[in-house]
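Presented sequentially are two complexes of chain A, the first with chain B as partner and the second with chain C.
After this line comes the complex of A and B, so read on.
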């Protein structure tokens, strides 16, 4: 028996180029299946982490998904702002425990700038009920103070004391820079795995100061207020983009949502982050299913390729099979050897695929982190992934039984006199 | 040589089958033990959360609500008065610490990796859209130590757990219900007949 095994191994080595391509097809199928499942799970987790702990997000009335994406993930645009007066009124509401005002619109070298209050650092939860931590420095106090996320500090090489200039709008356009009013970094936040990492945080007063002598997105000609002169103005904001609310009693969230909607002064809405995320995933659900389906189609194509190659090679191996029969291998051994070859090839492809996925995911995660503030977890082999891999392996073995049965019948009918 | 190969194969398959059987038997025994040692949960309905004999003040007296269109100022005013009346909805203090079993619609509040630890249980569908929110004694805030998977907004669930009555300083009713969940099961909504 061992003799036959070593013969089979050497036969496989002889056909190594063909088999290498089959292994490559298996590798691709594994990478695709694992990446799609892992990315989907990480994406859901990453999004949920960013909104945990917030009971209601308040903004101008419109689409709830769009408000969530803009206020929390800084993706997209706001259609309308809400007034500071309404925000103050909500902050003083007896059912509200804490509130965080948010104002967006500027950027710094591609990273979004968020104007907020000190309540952001005291109440915002990231991940499992944890508050924001500082890796360097402290939170802002002065009008021109800034606190940056860990991703910003790492990509741009900033530390406490760095002077930065902000740009109006999401993209750096010429003439859109607030060059006369530089900000000073006073704190760097610890990594959180949420959009906080790629955000530059400034005070609401600072946001007002840089737009004092601007109108409709451009500086007013002939009217220039210096940075120091701006301090003497009343820098209370008139409007903000959105407000995060935390309630004293979580079950009041519906009554609060109704109170926000019934606010007569201006059209506002409050959205429950968890419910809105579910709606977002429902929208994306179809796309995810299609992606998963495609991944399986690729896997089946890989297995079909392997079966086709093994079947085609049987013609060339008639003499080899006859020799194996001559040294005492029965038809069952022939079947078993071909099944083992299929198993070996699929297993090799799978293991290589798992290794490659484990090394590719961090790269993909790094890209997503910079552009969207979403971090993907590394490869974790849970029940779903292992079941998928087991199915792929079973498919490979079953597929290789087709050429195996062919070889079995061939060796039975031809015996020791192959038709070569 | 063929007999050896076939015999080895058969032995291997038999071994795997025996192992699988042992695992399954162990799992069945564990589930039986758990079911036998389960605390007894008393099934309640949503009306049981309202004190017996309490009626909301009759704010709709003298109004013909069937006449009103949506957006009618009188209807909006009536709604506001109803909501104010519901703000004083009391809780049944006797239920504090009881082991109860109740079914309702769920709104997951915090989600980690498809696992939910906190959610709200409601008596009717669509409480977060354009219908008035339920009064504070008809919303249960459920917390579960064990993570609950596969829970989507507005799914229906049976929840078994310990009910607690707490008072909070809130403009919408002092009394609130919290449930420490022991176990949850999907609630199968009975199919509607087409007779009506």
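After this line comes the complex of A and C, so read on.
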């Protein structure tokens, strides 16, 4: 048998171009299967880490998922605003331990600007219940102070002291800059792996100040209030986008949800982040299934391609097999020769696939981080991934047995020299 | 010595699947090959020469009768494969060499599936292969080359080296000169018989080419050997 192994290797090397394509197909199948599961797992983890400590997200009545995506992840369409008065009222509710107001809408060079209060730094939990840490500077204080996430700092090369101007809306439009009221970076947050990393944080007053001379999304003609003059105005916000609530007792969450819904002043809703995430995954589930199905189709096609190629090569290799039979190789060794080739090709493809996935995930993660503020964990071979790899290997082994058995049967029916 | 008989066939009957009904079955009532008695078996194409060699080599099992090689007639496929690996060298008409191995490794292939052949080749397998290749006038510069770079005449000589490597007692040659011109065919047969004698191997060669008969001590007409049934018999007798 060791004789057959080295022969199999040399024979395979002789046909490396053909085999390389089979390996490539297996690599592709492995990458697809692995990255779909890994991305799925990491996405779920990363999303739930961003809303870990929050009990309720309050906003104008509408779609749960939309509110969660917009308020926490700054993804998707803007929701209706809620009034500051209602937010204040809910914040004073006896069941509420803390509340964080969120006001969105502006951006800085593609990064979302979030106006909030100091409570954000005192209560928002990221990852496994940790509070936000500063890697530089301090939290905001002045109207024109800004605190930036780690990703913002890194990508734009900002440090404390940097002056920045904000842009109205999510995308930069000419004439939509709040250039007259520059902000100053006073703090840089440590990386969290959540949307916080790519957010520019300012005070609610700051948000109010830059929109004093604006109305309905455009500067009021003929009106200009300078940055200093703006300080003399009442900078209490009239509306905010949403509000995060932390409760004293988790068990009060449904009662609180009802209290929010019963708020008479305006139609509001309280959203449970965990439940809403489940709804989101249910929505995304179909897409995930399609991707997973596609990955399996590629896997099956890869194995079928391997079987077809090996079977086709069998015809061309009849002389080779006849020579080996003549020097004493038995039918089982002929089966092994073909089977080992299939197995080797499968294993090589899978190994390369795993390595490539491991090096592709960080790239994918970087891309997601830039565009959605979501980071993926590195490759971890969890139960699902290992099961899938095992299934793929089993498919490859079974697949390589087909040409192996064909060669075995052929060698039994073949005479001294192949009849070609 | 009882081992004087290299091949002994008695009452052999064999038909390929589906062949029996058409009357093309092969039947050899008796045949024997003594040590040193190089034999040329001549007969037209299609009357079963390759089939007979395949049976002797143990690739197929006869439906009736007995084939002994040096007194052994294993019943199992594995036993016959081992017997072939240990006792026989085989030369085909053409394409005897694996293209992905060097000339040298093609010769060494003979020892890959047999410990006996390795032992008989001596301590240094490469030296033994080199000796055979040199005797067969294959220059050292060719040894490392792929078999693909050799002329057909050279390839057939490498095939002789492999067939004789490890001193097997029997060499089966199936139309080994068909792909060669007359001059090369003559060189081939000369070398085959000379080296076989030097290494103590007995050659059984089958071919349709009558002119090769002159080199052999013993020549047999395939027709006189076989008892074909119906069409098979007629085809072989006609020539």
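Criterion: the second predicted complex is superposed on the first by the 414 of 420 C-alpha atoms of A that agree within 3 Å, B and C clash if a C-alpha of one lies under 4 Å from a C-alpha of the other, contacts with A are read in each partner's own complex, and residues count from 1 in each chain.
Keep in mind that, in the parts below, a contact is a pair of C-beta atoms (placed from the backbone, for glycine too) under 8 Å apart; a residue touches a chain by one contact, two chains touch by 3 or more.
Note that the structure is a prediction, hence the values are computed from the model and not measured.
Colleague: Examine A:184 and indicate which partner it touches, taking first as chain B and second as chain C; both and neither are also allowed.
Modeller: In the superposition, A:184 contacts neither chain B nor chain C.
Colleague: With both complexes superposed on chain A, which partner does A:257 reach: first (chain B), second (chain C), both or neither?
Modeller: The answer is first: A:257 touches chain B but not chain C.
Colleague: On the A-aligned overlay, A:49 touches which partner chain: chain B = first, chain C = second, or both, or neither?
Modeller: first
Colleague: For A:328, select first, second, both or neither according to whether it touches chain B, chain C, the two together, or no partner.
Modeller: both
Colleague: Which of the two partners, first being chain B and second being chain C, lies in contact with A:414: first, second, both, or neither?
Modeller: Only chain C; A:414 stays clear of chain B.
Colleague: Is A:61 touching anything from chain B or chain C once the two structures are fitted on A? First, second, both or neither.
Modeller: In the superposition, A:61 touches no partner, neither chain B nor chain C.
Colleague: In the superposed arrangement, does A:319 touch chain B (first), chain C (second), both or neither?
Modeller: So A:319 only meets chain C here.
Colleague: For A:231, decide between first (touching chain B), second (touching chain C), both and neither.
Modeller: It touches nothing on chain B or chain C.
Colleague: Please tell me which partner, chain B or chain C, touches more residues of chain A.
Modeller: Touched residues of chain A are more numerous for B.
Colleague: Who does A:14 touch here: chain B (first), chain C (second), both, or neither?
Modeller: In the superposition, A:14 contacts chain C only.
Colleague: Under the contact definition given at the top, report the residues of chain A touching chain B in one complex and chain C in the other.
Modeller: On chain A, the residues that contact chain B in one structure and chain C in the other are 328-330, 333.
Colleague: Write out the stretch or stretches of chain A touching chain C in their complex.
Modeller: Listed in rising order, the residues of chain A that touch chain C are 3, 7, 10-11, 13-14, 319-320, 322-331, 333, 412-417.
Colleague: Using the touch definition from the top, list the residues of chain A that touch chain B in their complex.
Modeller: Listed in rising order, the residues of chain A that touch chain B are 1, 41, 44-45, 48-49, 52-53, 55, 93-95, 128, 248-255, 257-258, 272, 274-275, 277-279, 328-330, 332-333, 336.
Colleague: List the residues on chain C that touch chain A in their complex, please.
Modeller: 17, 50-51, 53-54, 57, 59-60, 77-78, 81-82, 84-86, 90, 92-93, 95-101, 109-110, 112-114, 162, 172, 174
Colleague: Can you tell me which positions in chain B touch chain A when the two form their complex?
Modeller: It comes out as residues 1-2, 4-6, 83, 107-114, 118, 120, 127-128, 132-134, 136, 139-141, 152-153, 168-172, 176-177.
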